[in-house]
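Listed below are the structures to be examined.
You will see chain A twice below: alongside chain B first, and alongside chain C after that.
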Partner chain A sequence: MTVYNKKKHTLLAYLFFLPFGVLLIIFKLIPFVNSVRMVFYKWDILGTPQFIGFANFTRMFSDKVFLSSLWHTFYFVILTVPPIMILSFLVAVLANSKMHAGGFMRSAFYLPYTLTISVVCLTWALLYNPYFGLISKATKSIGLKTINWLVDPTWAMPAVAITTVWWTMGFCVVLYIAGLQQIPTSYYEAAELDGASGFKKMIFITIPLLKRVHVLVIVTQIIASLQIFGQVYIMTAGGPAGKTRTVMQYIYEQGFRYFKMGYAQSMAFIMFLIMLVFSYLQLRLMISSSKEELI
Partner chain B sequence: MRLKKYLLTTLAIVLSIIYLIPLIWMVLASFQSQKDILAGKWIPSKWSADNYRTILQRAKIGTWFINSLISSSVGTVGIIVICTLAAYVVSRMNFPGRRLLYILSLTGFMIPSQAIAIPLYLMIRKVGLVNNLFGIIIPALPSSMAVFILSQFMKAIPADYEEAARLDGAGELDIMFKIILPMSIPSIITVAVLHFTWIWNDFFWPLIVMTNEKMYTLPVGLVALAGSDVNIRYGPIMAANVMASLPVIVVYLFMQRYLTRGVILSLR
Partner chain C sequence: MKKVLLIISILALLAVIAQAKTTITVWTFFSGGEGFIVTDLIKKFNAENPDIEVVEQIIEWGELYNKLTTAVVAGDPPDVSVMHLAMIPDFASRGALTAIDSYVSKDILPDYVPEIISKAHYNGKLYAIPIDTHPLVLYYNKKLLKKAGLVDQNGEALVPKTWDELINYAKTAKTKLGLDVGISAENGPMTGERLFIAYYTQLGGEFYDAKTNTIKLDLEKAKKTYEFIKSLFDSGIMKSMDYNTGESLFQNDQSPFHLNGVWAMAVYPTLNLEFGVTSVPALPGSKPYTWADSHTWVLPKHPKDDLNKIKAAVKFIEWFARNSAEWAKAGHLPVLNSVLRSDAFLKLPMRADYAQVANFVVPAPSMKGWVEIRQKMWEINQSVILGQMTPEQGAKELQQAIKNVLSE
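Now for the complex of A and B:
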């Protein structure tokens, strides 16, 4: 290329990138810088921000509600990530096996994932109803005690978790199917020649070769579950007795109901730090898996 | 072997149907009277569209639907235009500073939207975009995920095409619009479907930005409706749920092939 052309080429590149770059800076990077600044201020939306140093953080770690909401967030991660991983793996193995209904099964399990959060939560709230909900009908018919799922402090979070697993696992089913389809059939054929059973093939070939998918599912699901807000807001509003109040729910209450912007942002910042580890892992995984095959 | 295949097929169908019970029930309940629902019925004793009539008369569901449709489709088109350009730049153009721009375009991955929701809200409020659909649309435009998927795909297109076109005297814009972009359509569709459903299904941000009932999106409106109006009971709420789900389910059924392929593709 001539010097003139090279200049023109570079200019064109920057010109094309400009709209995205400007919007990214205005709507992602500047708010991020502000979010870091805000943690040092006391600010109820109307008055002027008042510099208070690290007081938001000292307050946060003596705030029992914050600490419990932090625990509830982790509890939700524990309740959702392992079942999503195990169930979606099993469903994917079945949907990918040599039989007719594979495509149907994949669609059936993916369908809930396309639904809006309100639809999912309002429908499940009714299913959980202890008086006329389908779940209590079912448990009654097999002689179990009726649980008032969303009102019982022990069961409210598991109930929210069950709904979430149902709603979101279809996405991971697709990931696992993608991974399964990349395992060369020759591996299984070789194992069959050695007389390996279906169970052994699963343990020694399928599960280890899907390592990258397992890691990807774990990381993306941890990120998603740490951010849990909508399900709790809609189904329990953080109750009963604050037993389902997660960090995002508490941030919402402090920030957008009581307008304690600095304090709410400090909690958001802690969440950001926790999630940073997983976001970094996710990015690394995506970039490296883009260079190689998925497995 | 045959028997095993039939057993597996049966198992797959049974499991799928069990999995869809909540959805099937939602549709059935939308045709039931309040009495039927409270009796825990499955099949309506008398099929009626009353619930649909009630919801259409009482709620602003039409307005919410249009709000959701506008923000999702305008947002998606905007994302496609802006992010395709950026992806083209970082994947196919060669210039000083390209790596820097690539890294910059991926920083969005490291900043989850929840982490910046409060400062972003204050900013949106300052410029008067509260209760304005642009308050939902504009912040959604710079999507790192979109740039990532698109640039991944564009990188995989062999340089031969470009070189051959250059020999024929094609300029930069010709190569972009006549060669690379048409070849990238599968990834563009993937990005479109993913982002349309994300904006359509988003809850946290519209809940914060929209305080006027008329400006609610469908998810926010439905929740407000279920929580506020005691006259609108379970049946009508389920009818509203069905109406809210239909467009996305239709989009999904049409785009299913691209979507599953797209999810796979975005991982490769």
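Now for the complex of A and C:
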């Protein structure tokens, strides 16, 4: 390839990048810079922004509602990420097996993921209903006390978490199935020759070789769960007594209901930093695991 | 010759402009039964006013206020928008609305229910034409009350006039019929804001101090109100539930009493339900004051005022208010006295049973920040019901919330 051609190619590459690049700058970069600037201002969307320095941040860390929302958000992450990971792994193993149920399992667990959030939440809200819901009918029939799921402060968040696990785990099942299919069967054959049990094969072959998938699932689910908004907004509206209010909902309320854009933006900025940490963690873990594979 | 031609063509052009229709865009968030009525009324207005064309754009209920804000920022808002009375201060204070004092007809304002039209003002200026009021009322299930033996000498279901009567009837019906609840109501806005305001006002409490022009709270009366609401839950007459559950229980003959807004009247008469509707009970010595909000028409602020459009828009919204007997079919109460007393309205089914409520409505104070305060009210109320706060702590927390919002 001549020097001239190389230049031409580079030019062509930039040309192809141009439409995307322009859109990226207009719709992502400029708003991002603006939004970071907004954390130093008080702004009601219609008036002129008023510079207030770091006041939004000092306020945030003495705001009881923000701190409780932050805790509710992490509580939701704790309630959803481990079950999603463990359940989707187990389902993937079953779906990947040669059993007849494999195809059924695959579709049964992936289907919920194709539903829209409002359908999922309204359906589950009905299931949870203590007077008409299926769950209370079932618990009543075996003599258990009826739980008023969505308006009970102890059960509201777990109820939302159960719904979320049911809704989203199908996606992780697919990731795990893809990972499982990449493990060469020769490993298992070798292990069988050495007389390894199914359990041992699971512990020493399947789980370690799926490390990249584990990292991917954990990190994407943590980031997704940190952004929980729709489910609580539809199912509990943040109640009872604000016990299921998450940071995203608080940002929405402050920004779009009370028109405190600067304050909302500052909280969004903190959430951005938290998610950045997890993304960085993912990157590092992915790099280290791919290095291991080279060895 | 050329000059004459030019003048003629200019005149011709002006004639065309004069004849051209003024187009008014209107944003609404009404759907279902309410939606049809608005659309029909707009059609009727367009037919009666050939020089004006009103074009309706339906916006998703939950998105209208955000969209309106963005549209005003972008300089391209609709000419008219629907807005709840309680939202007006937040929008007017940010310069998002056009004051319409000098455009409305002189005879329309004195015709209004005073409580409603006063709240359509902000800082002394008129920003909206209210078209209805939708207060909290009490629904009762005649079949259940009769079954429980709660009848007068004529065999008609007893209708509670005081809170004590309501509690007694609800308790009796609940125990006799083995029901889960005696009064069904959603426990967010319905008890936290609407029931609270009804009871608190009946105690003589106020939210607005005209002298200092601020929101205020009477701690003692707020405490008493929370004690009252908590007692309803502690005794098991009421239970925590969401809006749909509250409605379903009432609609399926599983709750003798139901607290809800008059908007439910758009649906209940169509169901196979033996029910009645009346004002919320009153405390002895008080009138049956009750919470209410109201739908209004406002003129969002354009970068440049177009006098023609403003006049046409005001003409439309006044016409709508005067024709609100039709709109009242959705269950809402008219707010123009002339319509409230009209046969067209009173002939609608059961309207005579609750038309008087319009005179005892307590709309949100016309203050910026109310939207934030009422959200606090919903949550504090839930905390009190759940026993996480005493009624006294609840009252103090609410007072603190008001202070915080006002100090912004």
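By definition in this document, the second predicted complex is superposed on the first by the 267 of 295 C-alpha atoms of A that agree within 3 Å, B and C clash if a C-alpha of one lies under 4 Å from a C-alpha of the other, contacts with A are read in each partner's own complex, and residues count from 1 in each chain.
Just so we're on the same page, a contact is a pair of C-beta atoms (placed from the backbone, for glycine too) under 8 Å apart; a residue touches a chain by one contact, two chains touch by 3 or more.
Computed from a predicted structure; not experimentally measured.
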{"item": "Chain B versus chain C as contact partner of A:Ile183, first or second or both or neither", "value": "neither"}
{"item": "Touching partner for A:Leu281 - first (chain B), second (chain C), both, neither", "value": "neither"}
{"item": "First (chain B), second (chain C), both or neither touched by A:Asn34", "value": "first"}
{"item": "Contacts of A:Phe132 with chain B and chain C, given as first, second, both or neither", "value": "both"}
{"item": "Larger contact residue set on chain A - chain B or chain C", "value": "B"}
{"item": "First, second, both or neither for A:Pro153, with chain B first and chain C second", "value": "second"}
{"item": "Partner chain(s) touched by A:Pro240 [first = chain B, second = chain C, both, neither]", "value": "second"}
{"item": "Chain B versus chain C as contact partner of A:Met105, first or second or both or neither", "value": "first"}
{"item": "First (chain B), second (chain C), both or neither touched by A:Asp44", "value": "second"}
{"item": "Contacts of A:Ile218 with chain B and chain C, given as first, second, both or neither", "value": "neither"}
{"item": "Common interface positions of chain A, toward chain B and toward chain C", "value": "45, 131-132, 256"}
{"item": "Residue ranges of chain C touching chain A (in the complex, touch as defined)", "value": "65-66, 69-70, 72-73, 90, 94-96, 180, 187-188, 239-242, 244-245, 248-249, 254, 369, 371-372, 375, 378-380, 382-383, 386, 388, 408"}
{"item": "Parts of chain A lying in touch with chain B, wherever the complex brings them together", "value": "6, 8-10, 12-14, 16-17, 19-21, 23-24, 27-32, 34-35, 38, 45, 91, 94-95, 97-102, 104-112, 114-119, 121-124, 126-127, 131-134, 137, 166, 171, 174-175, 177-178, 216, 223, 227, 229-230, 233-234, 248, 251-252, 255-256, 261, 264-265, 268-269, 271-272, 275-276, 279-280, 282-283, 286, 289-290, 293-294"}
{"item": "Residue ranges of chain B touching chain A (in the complex, touch as defined)", "value": "5-6, 8-9, 11-13, 15-17, 19-23, 25-26, 29, 37-40, 81-83, 85-86, 88-90, 93-98, 101, 104-112, 114-123, 138-139, 141-142, 144, 147-148, 152, 172, 197, 200-201, 203-204, 207-208, 218-220, 222-223, 226, 234, 237-238, 241, 244-245, 248-249, 251-252, 256, 260, 263-264, 266-268"}
{"item": "Contact set on chain A toward chain C in their complex", "value": "44-47, 125, 129-132, 148, 150-153, 237, 239-242, 253, 256-260"}
